[in-house]
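Taking it in order: structure first as structure tokens, then the write-up.
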Amino acid sequence: MSIPKTMKAAVLFNFGDLRVTEVPVPSLGVGEALVKVHSVAICGSDPAIIAKGWKGYPKLGEFIPGHEFTGTVVAIAPDVTELKEGDRVAVEPHKGCGRCENCLRGLYTTCLNYGNYKKGHRHYGFSTNGGYADYAACHINTLHKIPDSISFEEGSMLTGAGTVLYGYDRIGWIHPGETVVVSGPGSIGLISAHIAKVLGAGRVILTGTRADRLAVGKKMGVDITLNINEVNVRDEIMELTNGIGADMVVECTGQPAPAAEALEIIRKNGRISYNGIYHEQVTLQLDKIVQWNLLITGPKAEGMLNLERAIPLMADGRINLKPLHTHTFKLDDINKAFDTFTGRVGGAIKVIVQP
Amino acid sequence: MSIPKTMKAAVLFNFGDLRVTEVPVPSLGVGEALVKVHSVAICGSDPAIIAKGWKGYPKLGEFIPGHEFTGTVVAIAPDVTELKEGDRVAVEPHKGCGRCENCLRGLYTTCLNYGNYKKGHRHYGFSTNGGYADYAACHINTLHKIPDSISFEEGSMLTGAGTVLYGYDRIGWIHPGETVVVSGPGSIGLISAHIAKVLGAGRVILTGTRADRLAVGKKMGVDITLNINEVNVRDEIMELTNGIGADMVVECTGQPAPAAEALEIIRKNGRISYNGIYHEQVTLQLDKIVQWNLLITGPKAEGMLNLERAIPLMADGRINLKPLHTHTFKLDDINKAFDTFTGRVGGAIKVIVQP
Amino acid sequence: MSIPKTMKAAVLFNFGDLRVTEVPVPSLGVGEALVKVHSVAICGSDPAIIAKGWKGYPKLGEFIPGHEFTGTVVAIAPDVTELKEGDRVAVEPHKGCGRCENCLRGLYTTCLNYGNYKKGHRHYGFSTNGGYADYAACHINTLHKIPDSISFEEGSMLTGAGTVLYGYDRIGWIHPGETVVVSGPGSIGLISAHIAKVLGAGRVILTGTRADRLAVGKKMGVDITLNINEVNVRDEIMELTNGIGADMVVECTGQPAPAAEALEIIRKNGRISYNGIYHEQVTLQLDKIVQWNLLITGPKAEGMLNLERAIPLMADGRINLKPLHTHTFKLDDINKAFDTFTGRVGGAIKVIVQP
Amino acid sequence: MSIPKTMKAAVLFNFGDLRVTEVPVPSLGVGEALVKVHSVAICGSDPAIIAKGWKGYPKLGEFIPGHEFTGTVVAIAPDVTELKEGDRVAVEPHKGCGRCENCLRGLYTTCLNYGNYKKGHRHYGFSTNGGYADYAACHINTLHKIPDSISFEEGSMLTGAGTVLYGYDRIGWIHPGETVVVSGPGSIGLISAHIAKVLGAGRVILTGTRADRLAVGKKMGVDITLNINEVNVRDEIMELTNGIGADMVVECTGQPAPAAEALEIIRKNGRISYNGIYHEQVTLQLDKIVQWNLLITGPKAEGMLNLERAIPLMADGRINLKPLHTHTFKLDDINKAFDTFTGRVGGAIKVIVQP
């Protein structure tokens, strides 16, 4: 396949100043493949990265954001045999250095050489260039083949599915039949609720404030929705569980109040997975962790290859994230896409950008 | 509800001599409820128990076998508040003593006081009386409420579902997307294959010799069936997994050859659950456990309350064992029921006896 | 052995009013043994129980507190064969009901029938009578034989050791060679630090404010002590760990500041066990749980028979809690014992009361 | 430091034909360091590799065996910052490819690209050159700094310690106080027994045929030794455990009979780690895995950085493998060293070769 020298890409020239411009097509390093980008989903962290960067990154004037994307392999480095031209792939944003203690134990999303390009770490769209472009150079560790039965659009949401699965992985997976409360019907919350049911939860309860989002949850398999503007969530959950509490709480709002309330609606020996981004400190009844013997974790992105675990389930439709995909924009309209996403214009949930 | 003094029951008068006769309705001890039996499924272990007993049990002339059953609570002991008359229940065969080290750690199916009636151990249909009768006295620890959406017939197969779930529990649950090979399309094999898919396996491969049983597997969610009379299972599985092997093998034949072959079709770091009853010794390539870093377990019955985990999933139809239920007989015809079961007459899989 | 009809016991007549008086020797229920009490250690929770009770308990005028004790079996109920007269025993304070979902899964310290005497739950010295008396009736589930090599005095601290072990059990045990920070040199903190080292921690760092207590830690195997009045604990720990943070933090102060700081001194993928009693809410940087992939638990008492695990290690001196035992009082002087304990008179750590 | 162009090395010219000769000092690739070798311990697998190779490896006439070694860093590749000249290091034999599914999950000792040099896999002394030489080029992933308190000689046995620890890691670590039976007092057996005690086992029982080796076990912390030529091991263990069986069995003989007997001496819900090399098939009572709810694993070498876990414990003497080191030879006498090792001349256990 003939690959051009230059390509269109959305470059961050300054904080808040994202513009589509012409840049060189990236060259390939050892173990890398060139991906012709098809679909990039806007992530909740993207607007913040564009507004003010991410822990010392990125290099303004060069940085291309975007980290939830799919496309087609169009070239491979000489050492690559795992993939070939024409393969359809979903891209995992994290590549660990492969040489720190965490990477060697499989914990590459918490690589101790985060952001150290020379040591081999990559975090597409965060510390290194990402997917809002015609092409992206990606390491094979981050490329996962997807079958034709997964559209590029839905495939761009595999990153979210992988993160949710990693949360369940770390907390010891869903125990069949249990009652799972998910707080927050944002995209991670909706995926968490959907997948809990897919993996065997007995009953999934979704809490939130927005009736339309709760309704999306219902379509995605949620058994019971509770609007916190209408009912006392704690009382309802206690009643629904005979006063015992939920077996698992998956907190996805990122807000202090529900984060603290998780400990009020959980059962003795229950499990809590914090899946949100918590900008503020949280004040909670820590004593409950001890007295009620709780187990608490949170997933750092789609670790331990959990993105890959989602593929067969999305391929046969058990994981179905299509209801989340509400809008599609061309790369040239990326700023409009962001406005739609951040303003939740027209009920926007996942907004996809296509070069 | 008025309860008679005597009832009909199938009593084992001598090994091989099972007869329906009139016996006293059992009285209730502390923590017990009287269950009016509705449906009892014949288990693969029943014919052996009737033919030659079980580890020193039972008392001939008194013993009532049958351990996979459902019914309705018709009376409760004075201390029981957990259940009430009219509750529909599935019965778990094992009740631990509650005072040995294993029971205190939740491992009641391997109670160290097995068969010690005075210490409180019960194993209905094995070391104590079971369900082939109008009534059975059961401890509340062994009674699990079932909703109306579960028929008594299907509910009698919850014991099988619970055992399969305990196997998955002990091996670390199904990892989403993984390839699971189940060998042996008997009822435990079919349930194992069905539930693997229900809990998120990517691909379930069922192996066996009987085309009709493999076809039942297909109806229950199996992706691929391999008839070992027609293909080389090892080669097929290696091809289906790019030479890597299955992520998990669930061995359900109880036969030495497939039990040994499990180690030949598994991947490096794979997991094997032995769910069969192995009457013979098995010769295997043990070195693979070390060199391939395998993890191996097997479930002793429906431990850790796994029967209960299955209930919500059967209630909403995700676990659907109805295809296994092929025949129903009245208690008076119990010997015909056994003949049908053991002879696989008319494609019999699960045969249910109803008082 | 001849057992009197009445005995001396410290009875709580009103909140704050604990007096030694003559009461009937308790009779034995099913599964119980009568223990002639030898040594009772004052626990940090005892003064609070005496001052204001415990979640609706106890019955004033009847209640005998005390839950860390040892003694000798002097009588057994007819059904008991596990123990015999003359056995030296350590008493575990919790007995689960044995019939709720948590008990059946081995989680008896978080029994769902807490305080329900009729259902069989017992919590000596909390919801039912305890050990500050000549005799105590204890269920065999709570009695653990101790060999002669364990003194009754040291044995009374097995409850603390069991709680610490349960914390390590729930967090996935000590990983050999890892760096463990223990905050708070109270008795639970000192036992946590000691046992971390005994079970293979590479390096144990103990933090606190009291130089004398930190010095006790040193005697008990701590490698490094940090006085938070003298150094910046966070900086020191980062320097000691090459900027990575501790592998595990065991928080034992019960105070909000160190509880929050645990998340500042832990490594990516680190583990935190909260072992304190937290009377106040805690405000913390919850986001770190997600971004740093932390695992957090806390032990509810000496669950899963962890008291028993400690016995062989104390028997051969690997677990050595003798340095904690600073004072001994007769039962008649129990109020003086409490004053010594709460006032830390003479450097009091563990104060033992002997009937 | 000045590094020569050539060096002495033991090269395998033909199966069984190992000769010391002059070869080029290896050059460094990305991420590698040059190690001046100090001590190489002969492993039980070495004689077999020399006699007949290892799964298609090595290249005769070029291959340098030896995989348990220590030395000093004398040069580093330009990208290496993790180590510097002068660092004393222990070498881990396995380096995964870093790009297969197993490596990405931290399971690098079972790398799916085993032996694929181009993909980055290394297995020193098996599929690539090892340590019987003046110098060895080693990837930093395989180099672990050791403090001065660990001698190079003892440090060469860290590989064995790491393998034993990985076994305990996979089986869920030692549970404090439990009874561990180790069968086979070879070096892995002795290390297994020693470390079980170091990590908190209550009682360690070592079984074997050789009185002198059992005596070494006693010196290394074993509580009870059973000579299988003198006693019935099964009966003894049942008596020692009140008829319950051992909590854990660590099988280290590699022989079929003890491998099968592991299932006869284990308790219900017990755990078995197979640590041996099993050249023959093993016939066992597989049914026990199911009926007794066993958990079985085996460690593939020193995975998950377990070699590193052993370092702090060896540094302060808790892990003390010095009793295993019986003989030392110069590299020129390597064939004499092998004769001493294989013939167990002079009670040889670990024989160390020094360039």
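Per-chain numbering from 1; labels A, B, C and D assigned in written order.
Criterion: a contact is a pair of C-beta atoms (placed from the backbone, for glycine too) under 8 Å apart; a residue touches a chain by one contact, two chains touch by 3 or more.
All figures in this text were calculated on a predicted structure; none of them were measured in a lab.
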Completion exercise
Listing by label each chain that touches subunit B and subunit C gives A, D
Problem - Between A-B and B-D, the pair with more C-beta contacts - result: B-D
Fill in the blank from the handout: So, in whole Å, the Cα centroid of subunit A is separated from that of subunit B by 39
Problem - Chain centre separation (subunit B, subunit D; CA means) in Å - result: 42
Exercise for the section: List, in ascending order, every residue of subunit B touching at least 2 other chains. Expected result: 105, 107, 308
Practice task
Could you please specify the touching residues of subunit B with respect to subunit C in the complex?
Solution key: 31, 79, 82, 98-99, 101, 104-108, 118-119, 140-141, 304-305, 308
Practice task
Sort out for me which residues of subunit B touch subunit A in the complex.
Solution key: 165, 169, 172-178, 198-200, 202-203, 306, 308-313, 318
Handout entry: Residue ranges of subunit A touching subunit C (in the complex, touch as defined)
Key = 102, 105, 107, 109-110, 112, 170, 244, 259, 268-269, 274-279, 281-287, 289-300, 303
